[in-house]
Structures are given as C-alpha cells and as structure tokens.
Amino acid sequence: MTETRSGEQNDPHPQPAGEADEHPLSVLLFSWMRSDLFDRMFLAGLGALCAVLAALELVIHRHDGGGIDSLPVFQGVFGFLAFALAVLSGWPLGRLMRRPENYYRDQPDKDPDNTVEEEKEDGHDG
Amino acid sequence: MTVDRLLDIAVTINPGFYLIAAAVWAVFARGPGSRGVALLGGPALALLALLYAPASGTEITRSFFLGFNMSLYRPDSLSMIFGFGFVLAAALSGVYSLHREDRMQDSAGLLYAGAAMAAVFAGDLISLVVFWELTAVASVALVFARQTKQGQMAGMRYLLIQLLSGLLLMAGVVLYGLDAGSFLFADLGQLHRGVLIGMLDIHAPGGLLILAGVGIKAAFPTFHNWLTDAYPNTTETGAVVMSAYTTTLAVYVLARCFAGLDWLVWIGAAMTVYPVFFAVMENDLRRVLAYSTNNQIGFMVCAVGIGTPLAIDGAAAHAVAHIVFKGLLFMAMGAVFMRTGTTKASELGGLHRTMPWTTLFCLIGAMSISALPLFAGFSTKSMIMTAAHTPAMFAVWLMLLFASAGVLEHSGIKIPYFAFFSHDSGKRPKEAPFTMLLAMGLASALCLAIGIAPGWFFELLPYRSVAMAFLAQDLFTADHLLVQMQLLAFAVLAFVLLKRLKLYPTEQPGVILDIEWLWRKAAPAITGVLGRLAGRLGVWADKAFGRAGAGLISGSGQIFAPDGVVARHLPLAGAAIWTVALLSFVLILAMSSPG
Amino acid sequence: MPSFATPLDANTIVDIALLAMLAVIVVAVARTRSLLTAIILTSVYSFISAVWLVVMDAADVSFTEAVVGAGVSTIIALGAILLTRSECSRIPWRETLLPLLLVTVTGGLLVYAALDLPSLGDPSAPANIYVGRLYLQHAEHDIGTPNIVTAVLSSYRGFDTLGETTVIFAAGLGVALLLGFGERALQDTPRPSMAKMAESGQHVVLRVSAKMLIPMISIYAFYVQFHGDLGPGGGFQAGVIMAVAIILHALVFGLQETMESIPPQLARGLSAFGVLLYAGVGVVNLTNGGNFLDYDHLFPRIFEEGLPDSHLVGGHHIWGQHFGILAIELGVFLTVASTMVTIFYAFAGRAPDLSPHGEG
Amino acid sequence: MNAFIDFYAAPPGLTAHAAPLLVIGPLIAACAAALSPSTRSAWMISVGGTIFAFWMALCLAGEVARNGVVNYYMGGFAPPLGIAFRIDALGVMFALLISGIGVMAALFSGHTLEAEIMKGKRRLYQSGFLLCVAGLLGLSATGDAFNAFVFLEVSSIGTYALIGVGVDRRALPAAFNYLVMGTIGATFFVIGVGFLYAATGTLNMADMSGRLATLGDSRVVEAGFAFIVIGLGLKAAMFPLHGWLPAAYAYAPSLMGVFLSATATKAALYLMARFLFTVFGPHLDFVGLFLTWVMAPVAGAAAIICSAQAIFQTDIRRILAFSSVAQVGYIMLGVSMASAEGVSAGLFHLFNQALIKSALFMALGGLAFNIKATKLSDFSGVGRTAPWTMTAFAIGTFSLAGVPLTAGFLSKWRLIEAAFAAHWLWAVGVIAVSSLLGLIYAGRMLETIFFRAPVSEERAGEARFGVLVPLWILAAASVWYGLDASLPVDLSTAAAQALGLAPAGAAP
C-alpha cells in the first residue's frame, strides 16, 4: 500500500479523506478509524469508560447472588480475565492443535476446480 | 364452497406445508418473478397461516398412519414462537438468495424451512420424526451444492450424522410410543402452566435414544463436529439456511420433550465454554461462526435444562433472536465469501473500504450476539442469565458468564475485526448485491427492534406474563445495564491491551484438530494399517488408494468394488458350493433338533 | 428297510447290479473331460435306469426315460456340442477338495436321512397306503381307463400335465429366442438337388433304411399316442418319438429338405397350438358347467345323451373322460413333437455341418 | 382385507371360476401371442391378458375377503386325489401384486421391446413374458406342492431365455448362470417335495401339513425341509445364494428387469413362507432353528453386505440389483421373526419393494431409446433433459431409501417396530446400518442424475408417453401408500394371519 500512499502524496489534488477506490459510505463511517489520533485516543477513551463504569457502582445499587459476585466491579474484572484467558490460551492450544491446511487431504492439490468426479476416476484408474 | 369455508380449511393446515408447497413451486420456477413468488410468497402465506392459527392446544388429528393417531397440526405458544422464527428465517434467506438463480438450492431451502416448521407444529412423535427426517433430506441439496471435493465430502459426513440422529430418534420414538401406548403429545405429558413442555420421561424405554438423537442435532459436546464441518463448506446461502433451522429445531424438541432435565444444564454449560477456545484458534471465519453457534445453542440448552418459565422463555426468545443475528453474521460472511472466495482470517482484512454496508450490518450482528444493550442478544440472553443466577447454579452461571465474554471475543470482535478491519489484505471486492444487502438490512432492523423495544417480541413467548414482568422489572434497570456494560467494556479493554502488547495470537492458516480427528484421521489410519496387513496377506492392494490414505473407503472399496472380493463375479462353482454348504448346514441343524 | 440277513432273491441281485452300474457311470461322467463321452455316458445312464424302472414294474416311467433321457436329449446335446469345444477345462485337484468334502458330508446326511424312508415296495409306506391306494380304488370308476398312470396324469393331475406341457412350450420358446429359428440353414448354403445327391451316391444305405424307418417310427408314435389309455405311453412319449422321426429325416435328407415339409413357423405355431388345445378343453369344461379340466363336462348335456352307451357310470361320464383325455393327449403330442423339432432346428440351423452337404 | 369385503368385480358365474382363470387367462394369451400376426397385436394380447388376470385377482380378493379361503378343485377331484387351488389372503396379496405389476410391465413393454429386441422375436418375447406371469400367478394360487414345482418351472424356463435375449451381450452369461442356479434350486425343491411325499403320501399342502403334525421326529421330513428351503432360497436370492441375480437383472432387457425384480424372487419368498408356516409350521423345532440360526443371520448379512456392494457399483442397474438382494434380506428378516408383526412387516416391505423396483427399472428402461447407457456416470445430468422420467425415478429412490412420506419409510418403520416387539435389537441395528448404506447409494444415484453436468453430447430425451403412464402410476402409488398405507397394511396383516400367525396383542 505504500505505493498508493506515495502516489497520493504526489497528487496535486489529494482526496480529503479515504482512499482512491473507497466506497463513500466507508469514507463517511470508517475512514476516521485509520487516523493516528484515533489510534492514540481509543485506548484512553476505553480506559476512561471502564473507570466511569466502575465508579458508577458507587451510585447504583447492584443486585447480586451474595457470593463472590458481590465483590466490587465483579463483572468487569471477570470479563477482563475471561477474555484474557480465552485469548491467551490460544497460544499453547494453537501450538498443540493447529495442523497444516490440507491436513485431511480434502483439498485439491493442483487444480482448484478439480471436482469429485475426476478424483474418483483417478482413484479407480490406479 | 364459499371463500370462508376455504379459508377455514386453509388455516387448519400446518403452516409448514405452505413452505413445502412453495418448495415444489421453486423447483419449476424460472425467472426472477416466479422465483420471487416462491421465495417470498411461501413465507408470506405461512406467516398468514400463523396469524390466523387455531387456538392454542387445538389438535388437528388425522389417523392415516398405520392406525396410529397422528396430529399434524397442534399450535401452542411454544411452537408459535419457533414457527415465527422460522418464517422470518425463510423470508430473510429468500431475499438473500435472490441474486443467484439456483432452483435446487431455492427449493431445498424452502423445503428445509417447511419441514422444520411442520415439525414444530406437529402434535405427535411420529409426525415429528417424519418432518425431522425431511429436514435431513432437504439439507442434501444444500450441502452438495458446493461442487468441490471438500464440500462434497463434508456434505456426506453431515448427511450421515443427520441420518444417524434421525434413526436414533426414530428408534427411540417407536420404543417410547409403544411403551406409553400413544404417540400423541397430549397423551404423553401434562401442561405446565398452560404449555406442554418437558413431556417425556428420560427413564422410560426409548427416552435416552430420543435424547441422543436430538442431542446429535443440537450438537452436544463430542457430537458437535458436524456443525463446524458442514457450515463452512456450503455455499453462502446454504450456511444461512442451515444455521437457521437445524439446531433451532433441536432446541425446540428439547424444550418440548425434556425441559427441566437437569443433565441439560451441565451439557448446555459445557457447550457454551469449550467452543470459545476453538473459536479463538480458528482461522476460517465461517467456522468461527459455527463454533459460535455451538456456544449460543449451549445457552439455550442450559436454559431448557433449568426449565423455569423464565428460562424457557429465554431459551425460546434466544433461539429466535439467534436465528436473526447468527443469520445476519452468516449473511455477512457469505457476502465476503462470494466476493473474495474465502473466509480465512489470514487472507482477509480491510474490506470495509469497499464493503461498508456489509461491514455495518456485520457490526450490528456482532453487537447483537455480544448482547450489547439495545441489541437483540441483550434482551434475550439476559433472561437466561437471570434464570441461571441462583445460588444453587452459581458455577453454571459463572460458566455462562465466561462464555459471554468469549462470545464477545470470537463473534463480537474477531469476525468484524479480521474480516473488515485489521491489517489491509489489499483485497478490494465489490459491495454485495442489493438483495443481499436488503436481507442483511432487514435482519439488522429486526435485531434493533428486538433490542430496543422487545415488548412486541416478548408477547409471542410461551410464558407471556413472565416475559412481560421481566421486561418491566429487570431488563432495562440501571444495575443490569451497568453490569453488562462492565463485562463488555472491560473485555474490550482486554482486547485492545493484548493487541497493543502483541499478545493476541496472530491469525495463521491451518486446521484445528477437533473430535472429527477420530473419524477423519484415526479411523482411516487404523483401517489403513489393517488394510496394509491384509495386503501382505495377499489381498491385492490398490496403490493409488493406499497413497491417498483414504483407508476406510479404500478398504471397503477393495472388498466391495465391482471387481472386489465380495462382488467379484461369483463363479458358478462357487455358488454351487455355497448351496451345498448351506444345505448341509440346514440338514445338520434340522437333524440335530430335539424331538 | 430290507434286512441284510434275508437271502438275496433274483430281483435284488438285478437291482444291485443295475444300481452299481449307475453309480459307476455317474463317477465316470464326473471324471471324463470329453463332453462327447459324457453325453454318451448319460445316454447309457438313462437306458440303464429305464431298465431298472422296468424291473420295478414302472413301465410308463421307464418308457419316458428311454425316449426322453436316452433318445431326444442325447440328440440335442450332441447338436449342442457341435457348437462348443468338446473338452472341458481341467480343474486343479486342490480346488475340488472343499466341494468334495461338502458333497460327502451332505451325501452322508442324506443317506442317514434315507434310512428313515420306508423300504422299497413296502405296502405300508405312506405313499402306498394313502393317495396311491385311493387312485387304485377309484380310477376304474372315475375315469374308466385301464392304465391308471394315464388316468392320474391326464385326469386326476391333468392340471400338472398342462403345466408341464407349458414348460415344454416355454423351453422351445426360449431356445428359439436365444438361438433363432434355424433360418440360417435356409439362407446360407445353396440347396443341392435330390437328383444330384442320388447320383453322387452319398449315404445310399442310410437313405434307404431311413426311408423305411421313418414311416414305421411315425406309426409307432401314433400307436403310443392312441394306446396311451390302455398301455404304457401317451402324448409325451409319442411326441418325442414323432420328433425323433422328423429329426432322423433331417439328419439323413438334410435340414432344408425337412424344413420345406415342416416349416419352422409351423412347428412353432403347433407347439403353441398344443397348449392352446389343452387349455381350451379345460375352458370348454368350464363353459359346460364343470370345473376346469373336468372332462365329465366335455360335452353339452344334450349332445351327450345322444351318444351310444351314454349311461353314467356312478355319476361319471365315460365318454367325456375318454374324449377329454384323447384331446389333451393330442395337445401334449403336438406341443412336445413340434417343440423338439423347433429346438432341433434352432441347434441345427446354427451348425449347418449337421446336414450331409456341409461335408462336401 | 376389509377393503374388498363389498367388492364384486364380476358376475358370480365368472367369479366361481376366477381361480383357474387367473392362471389360464395369461396362459392362453401367451399361446395367442405366439400365434399372433404382428408385434402390435402381440402387445395388445399381452396387455389384455394381464388385465384379465388382474381382474380375476380382484374377483378373488373379494371372495377371500368374504369367505376367508377360496378352494377350487381342478377336474372336480377333491384333494388328495386331485389338484386344488387354495387361495387365502396371502395368495391374493401376491396375485394382486403380480398381476398388477404385470399390467404395468405389459403397458411398458409396447415401446421398449422395439428398442431392445430383434424384430422377429418380439411376439415370442411377449409370449414368454405372459408365460412367466401365468407361472407366478399359478404359484400364488396353488395348494399343491408338486403343482407349485410345475409353476415354478413354467415361470422360470422361459425367463432364462428372456433374460439372455437383448442387446447387451453380458446378458448371455448372466442368463446361463441364472439357468444353472435356478435349475439347482428347482431340483432341490422337487427332491424335497419327493421326501415329503414319501413321508406323508400326499402332495396337497394342507393335507401334508395335517399328516406332518402326526409324524413326530422324522429324518425324511427334515431332509425334505432342508432341500425345500435351500431350493427356494436359491430362487429367492437368499444371501449367499444370490450370485445369479445382479447380473441377470442388470443386463436383461428392461421388460424383464421391470417385471422380475418386482415379482420373481418375491414369488419364491411367498412359497418359502407358505412351506415354513403353513406346511411345516414354526412350532416344529427344526423350523424354529432354521429361522433363528440360518434365515435371520443370512438376512441381516444380506441387508448390510449387499447394500455396501450396491454403493460401490458403477453400473446403475447393478446398484438396483444389489439393492434388491439387500431388500430380500429385509423381507426375510421380517419373516424370520415368525411373529404376526414381523411377517406382516416383511410382506408390507415386499409389496413396497415390488412397486419401487419396477418403477426404477422402468424409468431406466424408458430412457433406453435415447441413451445406450448403463454406467452410472452416463446418467450425469439426465435429470435436466428428462425431468418427468427422472422425477419418477427420484421418487422411487426416495422410497427405496426409506425417506418419510414414501411407502418405503413406512415398511421400514414397521420392520423396526416388529424387531423391537420381538426383542431383536440386533435386527434394529442391522436395519439402521443398512438404511444408512441405502441412503448413500440412493444419494449417489440422485446426485449424479440431478446435480452433475451431462457428460456426453448424446442428449437423453424424455421417455415416451406410453412408458411415462405406467411409470407414474407406480411412482404415485409409492407416494400414496406412503401417506395412506391402509391397503397394503391391511393386505399384509391379513396375509400374516392366513399363515396362522395371530397378532400378539391388539394393534396400538
């Protein structure tokens, strides 16, 4: 994509936002996400949101089952940990259980349009 | 015969039959107009039939089957909500598939919908089995529609498992019905607060068989693999259709037959948890959605197992909402698949530039499934969570909570993020066709409608008063919204942090081992070894087959092939020897008989 | 069963001798590789069993065995091997072990079972005290034919005989379908004139003796046919004998000559007609108020009263039975004779060598 | 049989003689066809003869419904002296089935013989077909053991040749195999009847049964039994003795495929049931032993092994032929339960199979004009060019695989029910596994026919109208009996009762 970028820079009349072949709706809805500002601000904003949500517990009385779920910000912490556990377990599990694409030998090796019929014929000829 | 009389008859017909009739029409439909009539007219008729359905609990019984009483149409509030969901699904998938003229798929989709709907409205076990089998038959065309070897093999596996489920169910039903002396729902169980649920006794003969048959279709743990195997291997429309009916029908039957069965609580809880780990690793996004289906069905199964009115309402509501938002996600992935030819996360990314509408709808679906407040999943899943939130089931509740965070991970973030954002794959596909976008838009609107103003939807639930009370007192309370937002916001925070720290696993191509390994690798390997042994013993071994390693097929192939051991042209002498051998055996048997 | 302690009478010795010969022949047939030898041996087998049946006083069966088993089937089998190899392939002895074992076991079991059978000619055997005795008691009165075998075959179990006639018709039909009608013989080889053959002096002795034999065989066939009521014989045997006469004609004078006088279409038609005649008699009985094949009702009431000796013997119409049997025997005769000829045509038409011209 | 209780198809004078006319009608038609002047007239005679037989079968059905049993004495001689026809519900069921399928096959034959048989032989072919019909009908009507042998031969002798004649040269060795095996079967049968005659002195089945009951343990009877069941087993293609069947059905001219697959083995099965239950009776030890230790395992093996074989065939008719052997396994499984439920379920399945198999062979035969195809791959995409024919084929295949809403489903259901009632759980497993296999080969055929692109330029057009009519009648019957099975269930239940098997309890 760097080439496109450099092309844009050379262009005397660059598009104000978005890329050359981008859909106008995408420009409207999503192009701002690619800005550096968004990158920097997003984490901060999210952190602020979490803090506010945690603080709201002081104001809003929460129903709970009386167990460990009565701990402060239980659902937030649980959600954080659960998410992290699920994602991080992807590393060891992936190493354990990931196999090459054609592990079951069910994909055609050469010709992607190879249909079952031809495969069968091959099998019989051999 | 006046029009009134005709209408009287028309409303006593199982609404599923209208869809089946439309399926027949679709076989012969040529051109967009005619197809449109079939694909939209059928669901419209069925919806009308639903609206004018006879009073709840009315039975329309025909005894034309081997002298057994069959109740072909028995609407009640439980079947109505599922029927409503199926009509929605039929209409949405109808719109979605308008872009591609494939009469076989149209017809199969409608037949699937019709059979599922008819099953939901059936009033006895026999008709239930009949329509259950019909759904399996209808799926044949769908799974075979993708003309690759991979797709066809997956289709074959799917078909076998569906039929196994049907056979188990059939055997169980025969045993159960013969023992109980009737096959009619009304005779088998009693109403629970006005609704006939949990009518079968698991300990009666056949009960376990029925549970096993339904369990396979509901993708119980260790039987879940057909789902993740088949859905990613169909066409874009096939996945949408299959995701809507197959497992949902199983949830309905579980609710009807086994509501309150405590095993289901744990089975369901387990089903919500383990797919999370698979989904994290999985690269194929449609397969991720399949695991996600697994996980969502777990919530419903768990709720069915809890069996309180609120839980049953939750299960039914979540099942129907799931049809909509999971259908929406499959539609979005289908559009991606159609435009790019793949749904592998490692090959996608940055598609939002040219497919913003699809991106938008996919995001709505993702938020719905993640149960973000004001989206469909929040309204329905909350019922289940609330029903499970009791001290006695605290562990289960924690499991469900974990799964909720997991859903956010794989369906809420992973699907839209890796397909449409993430690193730019350089792919610039065209936006999906208008009809597809229309279907997705409608589904999105439904998601919002259920999420923002769930009242109309809760009206349809089996225990209406319980649902309305929940809506009034529990759903949109500040503390409920707060804890839900906490869960989601902190989980998203975790995502962003992990991504920053480069701890998020990169998307790599590859397949993830699952239980299917047993029959796709281990069994062929074992038979392959045996086959090689047999080869040493003098059986002619087919070299090409041996190398291909499809041991199971090749082994039986060698035995049964046209020139194989068993089928080889039986020489006359051989036949005569068999004859004499059998004769002498019968002689010995006869002469050794006492008296 | 006969006790071995009793002294052997002459009959038993003959029985044992004949049966021993049969056993030897069976083994020889199984052992030989030459199909020709096998055919001749089976012919011999049939003859010996015919003789044995005579010893057992079963003249009708013996007669049938002689004409069918030893006669016409041998001729047809000979015709067939002209179209095939004459040696059958050898089978390694190892492969015969399992069948041998099985056959021995089964045979042993059968012998063991047969020990339970009533001994031959035992007057108290179920076959002799029940239906057999009933036939002896009633046939004279019911049917009025001296030959009880004919009475049983054509009247009591006339329906079986209709079925068997149909089987023969079907067999002819099958052969004709598979091998054709012998039309090849008519088309392929040019027909040498009779005069030319006489000049060349081919087979003079054969021709002269055949000219004498054929009319006599035919007359004998008619005798057997019409005498069936009284002595051994009937439509089956007569039909075969007639066919033998025609086949002999074909062998000596050439297939084309025979086909000219008895065209294949005629032979085919007659074999269907014979069954039709037989079944027709049954249907006539139906329309006259009787059961199917109830010859008592062969003639309408009025017609029967005009016949001489039209008295009813114990309620049974002697004339009806008599003419009924005659008519159906004629049907059997026609079917059998023409079917045999059809089959022969089919084989011979495939192998023109069978006619004497093929040699030259 | 309640459906026929008020059914009067013919005047009483004719009805009184319906029993012999059932057989004699097609027999006379056979002679007439052989003598007829043209192919067309022979075809008309054939249709007329079979319709007449069907009419007579309907008359008999009415009589049997009213009186239970129709007895008819040939030549006016009461048994044991003469031959008697004894027609009960079981016999009527088969008479209806055979003559009904006969009518369909005869209608169908008008067009296909032109494509498959040499010009000069078509009249004889019709004649042979009618003989076969007559023989099978006689088999279902007769009450005399030796007469049964005669009809067995009438139905087979011509058939051997009818299979061998045709365009497919592979038919000749097939027919020869069939000839040899069939002859062994018939010979065994007649040896067995001989043993029984020696033991009882009578040939009438009812009489024989009465006398056997008084005999006690007799090795002669046991030997006779062994010969009879093995001989008939050969004819009925009982599992390891089925070697003749696949090639014979697959390579025969399509008329024979249509008719024989529906009737021939079924008639032999009928006779077997007749001997097992009427003449001997399941109360005899050796009959019970045979049913449990020979027939049931062999039937189970057939259902599984032959279904597996069908999967791997490349020739579409051989798929159907192997499936036929497997279906014989199902039927025998039902019969070997020796209970009213089992036998009636087996007979019900037999009835459905007859409809299905003749429809399937008919659909394939109907295309014989257009494509000279035998291999499955030759049929790729035929569903697009011949939709009417192939839709009927698909209906038949669905029924064969036991898809709900078809007759095949109901009969499998009944079989499973009967197996549960008999506590034969292994049989349930066998049916389940075999059904799975059945779905695979059915799916394979449908997938090729409907979802593959056509391979050759030779386009398979629709079958002719004269073929479509009987084809769709049969296909529609498969669906109709899948919805309202009262007629075949009624027939098969009455038939099982006629074999002396009373239902264990009132039907649910």
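Labels for the chains are A, B, C and D, by order of writing; each one numbers its residues from 1.
What we mean here is this: a residue touches a chain if its C-beta (ideal position, glycine included) is under 8 Å from a C-beta of that chain, and two chains touch if they have at least 3 such contacts.
Quick caveat, the model's predicted, so the values are computed rather than measured.
Taking the mean of all protein C-alpha atoms as the reference point, the chain centroid lying nearest to it belongs to D.
Between the interfaces B-D and A-B, more contacting C-beta pairs are found at A-B.
The greatest centre-to-centre gap from chain A, using C-alpha centroids, is found for C. Each chain gets one centre point, the mean of its Cα atoms, and the points for chain B and chain D are 41 Å apart.
A straight line joining the Cα centres of chain A and chain C is 92 Å long.
Taking the mean of the C-alpha atoms as each chain's centre, chain A and chain D sit 64 Å apart. In terms of their C-alpha centroids, the spacing between chain A and chain B amounts to 25 Å. Counting partner chains per residue, chain B has residues 147, 557, 576, 583, 587, 591 touching two or more of them. The set of chain A residues touching two or more other chains is empty. Of all residues in chain D, those that touch two or more other chains are 219, 222-223.
By the touch criterion given at the top, residues 109-110, 112-118, 125-132, 134-135, 138, 142, 155-160, 163-164, 166-167, 169-171, 173-178, 181, 268-269, 272-273, 275-276, 279-280, 282-283, 286, 290-296 of chain C touch chain D in their complex. Those residues of chain B that touch chain C in the shared complex are 573, 576-577, 580-581, 583-584, 587-588, 591.
Across the interface of their complex, chain A is touched by residues 147-150, 152-154, 276-277, 280-281, 352-357, 359-360, 389-391, 394, 397-398, 401-402, 404-406, 408-409, 421, 424, 426, 428, 431, 478-479, 482-498, 500, 503-505, 508-513, 520-521, 542-545, 548-550, 557 of chain B. Here chain B touches chain D in the complex through residues 64-68, 104, 129-131, 133-134, 137, 140-141, 144, 147, 156, 159-160, 163-164, 167, 170-171, 174-175, 177-178, 181-182, 556-557, 559-562, 564, 566-567, 569-570, 572, 574-576, 578-579, 582-583, 585-587, 589-591, 593-595, going by the rule given at the top.
Residue ranges on chain D touching chain B, taken from their complex, read 177, 180-181, 184, 188, 216-217, 219, 222-223, 225-227, 229-230, 233-234, 240-241, 243-244, 247, 284-286, 288-290, 293-294, 305, 308-309, 311-315, 318, 322, 398, 403-405, 409-410, 413-414, 416-417, 420-421, 428, 432, 435-436, 439-440, 443, 446-447, 450-451, 483-486, 489, 507-508.
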